[in-house]
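Two complexes, one shared chain (subunit A), two partners (subunit B, subunit C).
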Partner chain A sequence: MQKHTFTISLFAGIFLLTVLAQFGVINQYLVSVIMLMGVNIILSTSLNLVNGYMGEFSCGHGGFMCVGAYVSSVVTVLCFSKNHILGAPLLPPSLALLAFPLALAAGAAVAAVAGLVVAIPSFKTRGDYLAIITLAANYIVISAIDNMEIIGGPRGFMGMNATVNGMEGLLDIPWMLLWVLSGTVFTVWLLRRFVSSTLGKGVPAIAQDEIAAEIMSVDTNRMKLIAFMLSSGLAGLAGGLFAHILGYVNPHSFDIMKSTEVMVMVYLGGMGSLSGATLSAILFTVLLEVLRPLEIWKWVVIPLLLILLMQFRPEGIMGNKELSDLFPKLKKYYSFK
Partner chain B sequence: MKRMTIKVLLVVLAMALGAFALMGCGQDSNVIKIGFNLELTGDIPKVGEASKFAAEMLKEDINSKGGLEVGGKKYKLEFVYQDNEAKADSAVNAALKLITQDSVVAIVGPNSSKQAIPAGGVCNDNQTPMVSPWSTNPDTTKDRPWVFRAAFLDPFQGPVAANFAAKQFGAKTAAVLFDIANDYSKGLAEIFKTEWEKKAGAGTVVAFESHGTKDQDFSAQLTKIVAAKPDFIFVPDNYNQVALIIKQAHDLGYKGPFMGSDAWGSAELMTLCGKDCIGQFFSTHYAAAGAQGATKEFIDRYNTKYKYVPDDVAALTWDATRLVLQAIQEAGKVEKDIKAERKLVRDALANIKEFAGITGTMKFHGTGDPDKCAVVVQISPEGKFEFKESVCPQ
Partner chain C sequence: MPLLEAKGLTRRFGGLIAVNDFNIELGEREMVALIGPNGAGKTTVFNLVSGFYQPSEGAITINGRDTRGMRPHQVTSLGVARTFQGIRLWGEMTVLDNIRVSQHYRAGYSLLDCFLRTKKYMIREKEIERVAWELLEAMELKEYALELPRNLSYGLQRRVEIARAMSLKPSLLLLDEPAAGLNSADVEGLIKLVRWIHDTFPVTIWMIEHQMKVVMSLCTRIKVVDFGATIADGTPEEIQNNPAVIKAYLGDDTI
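And now, the complex of A and B:
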């Protein structure tokens, strides 16, 4: 029984949230915060794979998110909105529900390919050097989009609302909330399965000692390739969701500030802990919203909290442990395979 | 011990979540709430600050007289400020928070287009009137009946600069230096180029050079520009870069005039630029030096209160907020139901055909974008922006 409690409560939770949002019990603002929370969870858990489990230092997560956001937006806009590239929409709005996950997948796939481009130089570099490469990749993505007039350049790109409206035209429920929650669950599930698989064990092995891992028959190059592609692909998924929540993307929303935010979430939660990355993404999003009335002081309070945390708990909220390691009693209520 | 720390952290997290869910409170029926979605932190905090100061001044004005009179009854004003951190996603959240938690009648801001476009979408979808004081990107109000603005559009400033330069400098050729990663700068540069070539013939823009947002050294671009010997250089750039560009151009031996756009009009420009900027021209929303009537009164009061001459965004926020207040008054009554009240205000806003603002008279034609005159100012030897000419749309 306890094997299923977690799954059951998870799906019940998603169902409950959707119903509450549908009947206006929780207002649009809270729904929007929950959606951005989901996006942040995807971002922080996926970066945690590289920065936490693998022990590398990637600081260009915003760039991959940007790729995913633009690719999926271009796909949905071409398909469902009147646009200046092809003119009339390619598909009727009734197909939006089918095409949207495909568009998200396309964004994630292209972001994963972008991750591949970064992974190859990472074979030879570690630490600071990899940080510089990923930082450069982030800048390259943003400058490239700045110079692509066809997708709006620095003016940004919009028209994604038509797809969301198309889905709501079929059945009027909060689709975006549902997609974000599914994307979040999918991401955490995928990452958990990956790092606890025999193949995925190679990732923490690289973090421990790359040479020793190589001797112990871990194909380190292949592992790095997989980890990077997975991490950046999921960032692309987050980007696609983010773009369709806002209905507008601008390349400068994904600059080094965004990457830094994601890194803060990873280190706040604790490296190499999925529940830590999830909790810290929730905490960080809530903090940003709750402290909004402080205005300028917000950016004094949040960094101060970070300094205090690093001072008294340098390993992050959860360290490299999961929730069930810290509270063994929780195992009574749920367990994973 | 360690476990204690974690428990404490988790309790704090739970409490934060709880507090968050409980936020937002009841309403007083004698109060009209207006929301402000401003850039108080982030890249351009001065812009948000100027907006907030102007709004506070207006609120004190009206509340000290007992409130805003609507249909024979006085209502106190309450302004709710939300910080959007100069980020697009944060601006959407701030707008939704103002709409759903704070239950405001209308929203003023965001100022910058990067935030105003997505926030405008949200306001339109949720049927809440929004007025952006400063956004010049056409997409902000396009196909959005609930969104308005108080500034002129980018496409208007290009011809203004071209016509003025042709007349003032007797120029035949022009050069342009702009920021490629800044939508405002890039858009304006392109419009100017088309406009100038239409006027003076193809190939008369002898140099069209770009730079990045955080660049400090422009000598490569300026060397090319100076070698092309233009009659003047058009620089639609932010004031901090303008200061560097003009200095470096003078170092390279350029002696001709510069022409700029409204992004020059910051109180900071002269501190950064010094004597190099004296005598240059730029087009903007209003001229602080030599202003008269209500404009002068606004500038003087702002200056006494906050100790600096307000730049255009402060004046535009003043106008945008007054536009909203006028719409509330013209609606003639205040509905209890917030949705009905928003609809009344939106219809009243759409009905305003002409509005006398301190940044000039605005004429609306149902698109939410005003037709208004631009002002060309010259920088005086004392560093003041002096009125030179007013250019109105035909």
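And now, the complex of A and C:
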């Protein structure tokens, strides 16, 4: 029983949050901050797979998020909103609940495929050079969408609210909050299972000595493919959730600024630590909200924090340790497979 | 059929011929040395055999399989393991994990198995872990299983690296200067360890080594190379008395 304390309290927490949001105990502002936290956790843990565990420097995470956001939005808008492409919605709103996870999955899948743009060059290219490729990938995505008039180009794309309304029409509970929390738990669960397996440990082996990894029977190309595609796919999932939280997307919400934000979270939390990436995503979201009164000046304060962090704790809050390494007693309360 | 057969192996780097027409046949459970002065092309031969370089000319067959065009991890899964001149352990991973990751090629489960923790996954992971612990126990490394390699002494790191190579269950083990940087007590330990491995596992050992003490007490056959070409091949006694080897490498006392 004690072993399951963590799992039980996690699901109890999700349930409690949903109930509190349902009855308006926590207001809409708080709910949206919590949802942003979830999206940020997905982003930072998934980027951590590449920048932390694999030791590469991907600075184009926003691009993959963008792919996921647009693909899932286009799917739900075609299905459930009146649109200028097909006219009437394809499906009745009662199917929204069924179709939404599929749309999210489609966004994640296409984003994972987009990850190939970086994964394939990574077979031969490393370090700074690969970082430039990731930067290019980010720009390619943003510019491509900027030029696609059919999905709004630089003006952005909207109409996703119809899907959310469709779900709420079925049962009036805060669906988006539930989806975001489930997506977050799913992401951390998936990554945790991957990095703790012998298969997944091939990824840090590449970071620590790629030649030794290849000679010791690790198929490094396959591992890179898995790491980049998993990472970009999960970024796509975050994008899909983000788009449906806001009900509006604009290509420039996913530019290099977004990618930088995610990188800050990864380096703040500690490279190669899932709990670090989770904690730092929470901390960073709170920080952004606390500094909101500073308006645009917060972008002076936050990079300054980054400089201080690199000066005094370059390994991040957690280093490459997990919470359970620092507090071994925690192990009593969960049993992760 | 020989375990390893290299025929007319040549490797050029631009205008430099690092290895020139190198031939060798290794049978099962042999213990052979490759010696020669620095820069003679010894490590290049190992890099060719382990698939890290492709030969410019010639061919290598391992257990009858031509390895040309294979990537190193594919050559490794044919049963070739090696250690490196400088230690190349994964420094931020525990000794146990080092031994686990090197069993990658026979993990035998898919990514989906890994996500879903299927029965196949559980069985395979248990097996990998069992092999790792057994090997650590046998090689007297059990007490260091949860240490990071970078916190261990140089001699122990060498031992871990050999254990990691053995976790591949190789039929051919390449040791690239295993005694480099070891003190005399550690060298004695190494000789014992290599002999023990050779007696315990069905493995052919091929080593590059400068310390003649190690070579002479372990190997039954020695091949000497200089400037990429083979200058001698024979038993330790023959090599010790070969004038060409003495001139190029061993040196004579009459200066």
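Convention: the second predicted complex is superposed on the first by the 332 of 337 C-alpha atoms of A that agree within 3 Å, B and C clash if a C-alpha of one lies under 4 Å from a C-alpha of the other, contacts with A are read in each partner's own complex, and residues count from 1 in each chain.
FYI, a contact is a pair of C-beta atoms (placed from the backbone, for glycine too) under 8 Å apart; a residue touches a chain by one contact, two chains touch by 3 or more.
All of these numbers come straight from a predicted model, not from anything done at the bench.
> Let's test your reading of the overlay: on subunit A, do subunit B and subunit C clash or fit side by side?
With subunit A aligned, subunit B clears subunit C, so fit.
> Mind working out whether A:M54 is in touch with subunit B, subunit C, both or neither, as first, second, both or neither?
In the superposition, A:M54 contacts neither subunit B nor subunit C.
> How many degrees apart are subunit B and subunit C as seen from subunit A, counting from C-alpha centres and rounding to the nearest 10?
Result: 140 degrees, to the nearest ten.
> Would you check which partner chain A:M158 touches, where first means subunit B only, second means subunit C only, and both and neither mean what they say?
first
> Smallest separation in Å between any Cα of subunit B and any Cα of subunit C in the superposed model?
After superposing on chain A, subunit B and subunit C come no closer than 18 Å at C-alpha.
> Contact residues on subunit A for subunit C in the complex?
Listed in rising order, the residues are 190, 193-194, 197-202, 204-205, 208-209, 211-221, 226, 272, 320, 337.
> Enumerate the contact residues on subunit B facing subunit A in the complex.
3, 5-6, 9, 13, 16-17, 19-21, 23, 40-41, 45, 81-83, 87-90, 92-94, 96-97, 99-101, 113-114, 117-118, 121, 125-126, 137, 139, 180-183, 186-187, 212
> Given the complex with subunit A, which residues does subunit C contribute to the contact?
Residues 50, 52, 71-73, 76-77, 81-82, 84, 88-93, 97, 100-105, 107, 109, 111, 114-115, 117, 121, 125, 128, 164-165, 168.
> Which residues of subunit A touch subunit B in the complex?
Against subunit B, the touching part of subunit A is residues 27-30, 32-33, 36, 142-143, 146-147, 153-156, 158, 161, 242, 245-253, 257, 279, 282-283, 286-290, 292, 295-296, 298-299, 312-313, 317-318, 326.
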